[in-house]
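Across the two complexes that follow, chain A remains constant while its partner is chain B and subsequently chain C.
This part shows the complex of A and B:
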């Protein structure tokens, strides 16, 4: 366990040493402040527009941080040949996979907390009320979703040759699921056989990331999602991440590193 | 660099780089003065923003999307997607028309029963209750309407809907008037905007002569644009003439009021109701026999 946490610590340190997070945070803050300075019919209490814009930027930034940070972890170790002394410690390959996953997930979580603190301050100062529980739930569910995304990117980093191709494929898959994943069964019904069965099977097999997007509850002020559903979604995210990590370990175990 | 003779660098005059810089700066300014009028011509009237130039006609698509976004806000997120069987309303509920409000079911369910366990569980994370913005929260629609008008200044509904909510629910009468006037500048032949403007003069400013002038102009514009069409906007005409009739009745011009109501009767879906109003006015016009004695 200490090996895994040591590996995770290195990844977290990497996040705050690199400029990715700072650039994305400054960009998010800048665009949000610009949106906040817009005047709509001299009404200073309009908050939905600002909240939606800020949350949209947070989602994009978090996805970029999660996928880009994860995609380069193992390929960078292989390219720099640091994977060999690492595995000679002795650190097992499953510890490497787990450590990298934990580090990326924790680093993304820290980034999310900073983003949401900024969001809470911006929304609170505009609306003069603080639905913190709703924001915490949105943060938690987003973090759970990112666990699946990170596990997927980690598996991709072992399967695909370059981090760039892995990142692109991950972005396409994740955005595809977020945009049409929940409606894929309706799409399947309009297809001829055997495409219908394939799309329908895909609908049940793919990770339903769209469940974790509860931004509408935040900017339409519709309260919170039921805690039971929240707990079940958390369990689903852990199970899915576990499955993807297992697949990553199986592939990584057989992978030749001296190529 | 070893093969490059160092003397060559020494022979360069110290002034030369500065002169080159000055020359480049002069060139930049010259090109800018040449391009600036052309850039103004590209932007049609020299006043359009860079976004308008870059997006071109694509702005209209974006404007429609932003208008729909305002409608989504009005329904607090409960809105059908392109995958759902129910179609979005042809006329937005935001427009605040009475007949729409009556037809509009509060418990309308476009989602239907869950299709499978994924859909059933996923509904925990979606808004599944049909509510409308109220108690001043209607203001949340305004940014989308304003941006929609920026993207497509010829989308009439944007002005009339924003004007309605600003004037009737948010009590921002000057802002509503300004926005409708902005719409009128962009669409001088719009009877819809003129009608909405007249409603503000009549209902909010209680300025009957001004309201009459604006509504009469709206009627003129309606006749110019709609009378030759196969399917004219009868509802628009009814709104104008009924309101003109009421205004004339309030002002004591009963003959003019009857004239407008007669016109409204031709296009109204409930002509009997209008006829009753006409009969009422005619009775008022008849000389009172007791008074003549």
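This part shows the complex of A and C:
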């Protein structure tokens, strides 16, 4: 456990010593502040649309941080050869995969908390309304979704040599799932066989990241998602991440590392 | 004396599409023993198979055949590396960390208790003369300083065996002297040191025994004194002879 937490600690340190996170945070903060300062004809809907825009930006920023940070972890270890003194210690490759996952997930979680705290303060002072539980639930579900995304990017980083190609593929897959994943079953119904079975299989096999998008609850102030659904979604995220991490370990375990 | 490092018929093959049989043999049935408390020099020209052998010992590469053991534990088991320290040829550390952070990181990896770890970090930074630079990120260090951080991290677990891959390569004379002095000190403390080097004068000075390999095959093994006496030549001449550079000396 100390090995995994030590590895995770290095990932977190790396993230806050690089500029990527600060650039994204400043960008999101600027838009959020802009949202807070706007007031067109005292129209509540306009403030709401701006709020949605800000949440959308938080989603994109968190995805960028999660995918880009994760995609470079293991390839950078191999390219910079930091993996060699590391594996020369009593460290298993499984611990490397777990440590990297934990670090990226924790770092993304910290970034998310900062984004949401800022968003809550600005939105709350603007609307004189503090739906903190709803925001906390949105943050939690988004973080759970990011666990799946990070595990996917980690697996990709072992399969694909270049972090850029892995990042691009991950973005396309994640955005594809978020945008059309939930409708694939209906798409399947309109297809002839065997395409119908293939689309159905895809629908049941892919991780349903769209389940974690509760921005509409926050935007329309519809209260909170049921705690049961929230718990099941958490379990689903852990199971899916676990499967992807297992696949990552299987690929990484026999990979030759030549100096 | 008990063997700390043991290689039994070690064989490593790589895929090489350009080779006639599609593979390249990097290490050919290598048998070697390094005993407790000795400084062992592992010599050979570039591409001889030294680093590949070390890679097997460190678990980076799986042997195609034979076995390798550290403290009687097969190197395939990560626990075999619990009592070793490794210094790579070049400095491969997280450049955004400071010297004390990198040492703390490796101390955590070994599960060393916090108080003891801080104590060791202080002592090691003093040993490698980096106390004043301990809070600077590694990216601001010179090559010699990075190599000394490398030596400190290799010693963080107070290892019984040190594996050093060309520890003085690329260092200036002062840096080389400092690293040599540290190896000498470790030898006096009874540590076992297994190292590869191209600095044959240095090897002759500090090694108890040496092995010379070429093209993956063990050419000669023995104590430095024995080899020098037997061949009536210095280590450099012996080395050149065994790698086939001056075949007339072989007679």
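One rule holds in what follows: the second predicted complex is superposed on the first by the 248 of 259 C-alpha atoms of A that agree within 3 Å, B and C clash if a C-alpha of one lies under 4 Å from a C-alpha of the other, contacts with A are read in each partner's own complex, and residues count from 1 in each chain.
In this text, contacts are C-beta pairs under 8 Å (C-beta built on N, C-alpha and C of every residue); 3 or more make two chains touch, one makes a residue touch a chain.
Bear in mind that the values here come from a model prediction, so they are computed numbers and not experimental data.
Undergrad: Touch test for A:217: chain B only (first), chain C only (second), both, or neither?
TA: A:217: touches chain B, not chain C.
Undergrad: In the overlaid three-chain picture, which partner chain does A:84 touch, first (chain B) or second (chain C), both, or neither?
TA: In the superposition, A:84 touches chain C alone.
Undergrad: Pick one for A:183: touches chain B only (first), chain C only (second), both, or neither.
TA: A:183: touches chain B, not chain C.
Undergrad: Who does A:199 touch here: chain B (first), chain C (second), both, or neither?
TA: After superposing on A, A:199 lies clear of both chain B and chain C.
Undergrad: Determine, under the contact definition given at the top, whether A:13 touches first (chain B), second (chain C), both, or neither.
TA: A:13 contacts chain C only, not chain B.
Undergrad: Could you tell me if A:257 is touching chain B, chain C, both of them or neither one (first, second, both, neither)?
TA: Only chain C is touched by A:257; chain B is not.
Undergrad: Touching A:5 in the superposition: chain B (first), chain C (second), both, neither?
TA: The second partner, chain C, only.
Undergrad: Go through chain A and flag every residue that touches chain B in one model and chain C in the other.
TA: After superposing on chain A, no chain A residue contacts both chain B and chain C.
Undergrad: Where on chain C is chain A touching in the complex?
TA: It comes out as residues 51, 55, 58-62, 78-82, 84, 86, 88-90, 92-97, 101, 105-106, 108-111, 150, 153, 157, 163.
Undergrad: Which residues, counting only chain A, touch chain B once they are in their complex?
TA: 38, 40-43, 45-49, 141, 180, 182-183, 185-187, 203-204, 208, 210-214, 216-217, 220, 222, 225-226, 229, 232-233
Undergrad: Using the touch definition up top, name the residues of chain B that touch chain A in the complex.
TA: 73, 76-77, 81, 83, 115-116, 118-119, 121-122, 124-127, 129, 139-140, 142-144, 146, 162, 166, 170, 172, 175, 179
Undergrad: For chain A, which residues are in contact with chain C within the complex?
TA: 2-3, 5-6, 9-10, 13-14, 17-18, 80-92, 254, 256-259
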